[in-house]
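After this come two complexes, each holding chain A, first together with chain B and then together with chain C.
Now for the complex of A and B:
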């Protein structure tokens, strides 16, 4: 239900003229895609870890930059970017 | 229990607590049951045969990992079954499916845009506990069994000053495994990478306040009352775009 809540927040913000980008794990993509979100960056991460593993600052930075890039590059609703990197534990 | 057994009926015997636990009961017990572990609550969503296959393959991969220490295969296995577990979620949904959706383009270059952050991770700042249902100092263990109450109640928005150090953050959420965010809040509340991006000039700046709420919440008050107010809060912060993180 967390993802449905954020799907609604994204829709309401965009309707009000505020651009948004969602960062989320792949498991919930079908549910969120069915809400027609504006922009989504999807990570191949384990549930509860959307930005990356704890203390994996490099991955967290990479995911954030992908989201920022999508804010700029997206031209229409339903802009969904799936990042290919698998989840990794920080070493 | 012995009294039930003495009736001798098949039904009484199968409800006897000494009878073998079924695979169905075992896999379901990880989702708000006797073995609650929200990292593995997806097991309840799998048919018995698939749950058995998840566990068989998990042990096989664990056996391989014993010798080479490569945990990547275990992580990939859990990830793949997260995806399988929730693959049918849309078919089960009775509401909140839309044929089309809104889109607002970014109005300024990113380097001139002020970013806001709103997460559904359930973070709050120490000393500012939203005290759900009026309960003081509710622990994670106390919150999890109250999942249905959270889902029926309105959301509470927690204000998190953008420069809040990690050690001042607290988290409580009845819907997901918080082990990772307890270790590092940036897993779902990426304050550190956002501050870094602002310092580097990648973004024009950050709103003074970030926000978090418990995403397990009632949708109707969220849609009609709370999210529209959150728009106003973002506007008051002169935000040009918002990063949203569900968990």
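Now for the complex of A and C:
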């Protein structure tokens, strides 16, 4: 239930005035979306690899960038951004 | 191949062990705080629930329930100095490269490149799996962490659940 705990934590901080963004794999999206966290970036990655494959620095950076960009661009609560890129093993 | 329905699989597994059905939270609105300054001036902290611990500390108990332990992680720590103990997800790739679940080196690159202002001195690992005690999280653990973030002057928090 760690996704759920993290969803609670995000909501609490946001209520207290601290902007948050969650980065997670798609598998738990339905449950997390029901909690309405403030901002979520969803990757089409395998569970346990939310940022990308080991040593795929390019993808990891891209996901982190997307999360930070969502912090800048989101104008409303409950913003969920799904990144289209499928999981890839590092070359 | 059909995708695995993790939520159903988890429900089936825990109910098979004799636990009652988990009461998933459903909220109807989301709180929202806009970013108050440009990213390149923001100080960022990060939290993972992936059971990562620095080798100088006790490892997390991989099968713990309601474990509200929360570790501070030095923002300059080396990714190879961590262990990962969590029976709740497949940790094999995160063990090969911590950045898979806790992108500490990617954060440092963004700070070096000036995309973000700075990284908070303390990052965080905790709120591991199987926390059924929602009120404890809501009323104690999260507010306690909030006070520490305030002390570090954190402008935004990135959360990466495993």
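The definition used in the following text is that the second predicted complex is superposed on the first by the 91 of 91 C-alpha atoms of A that agree within 3 Å, B and C clash if a C-alpha of one lies under 4 Å from a C-alpha of the other, contacts with A are read in each partner's own complex, and residues count from 1 in each chain.
Please note the rule applied: a contact is a pair of C-beta atoms (placed from the backbone, for glycine too) under 8 Å apart; a residue touches a chain by one contact, two chains touch by 3 or more.
Remember, predicted model here, so these are calculated numbers, not experimental data.
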Joint occupancy of chain A by chain B and chain C, clash or fit: clash
Touched partner set for A:88, first chain B, second chain C, both or neither: first
Touching partner for A:19 - first (chain B), second (chain C), both, neither: both
First (chain B), second (chain C), both or neither touched by A:31: both
Chain B versus chain C as contact partner of A:44, first or second or both or neither: first
Contacts of A:54 with chain B and chain C, given as first, second, both or neither: both
Residue range of chain B overlapping chain C upon superposition on chain A, of 7-15, 25-33, 61-69 or 205-213: 205-213
Those residues of chain A which chain B touches in one complex and chain C touches in the other: 1-24, 27-28, 30-31, 34-38, 46-55, 57, 60-61, 63-65, 67-68, 71-72, 74-78
Contact footprint of chain B on chain A as seen in their complex: 1-28, 30-38, 44-55, 57, 60-61, 63-65, 67-68, 71-72, 74-78, 86-89
Partner chain C, residues of chain A touching it in the complex: 1-24, 27-28, 30-31, 34-38, 46-55, 57, 60-61, 63-65, 67-68, 71-72, 74-78
Touching residues (chain side chain B, partner chain A) in the complex: 38-39, 42, 71-72, 75-76, 78-79, 82-83, 85-87, 89-90, 93, 96-107, 109-110, 113, 118, 120, 151, 155, 175-181, 183-184, 186-188, 190, 192-194, 196-197, 202-203, 213, 215-217, 219, 222-223, 227-228, 230-231, 234-235, 239-247
Partner chain A, residues of chain C touching it in the complex: 3-4, 6-7, 22, 24-36, 38-39, 44, 47, 49-50, 88-94, 96-97, 99-101, 103, 105-107, 109-110, 115-116, 127-132, 134, 137-138, 141-143, 145-146, 149, 154-162
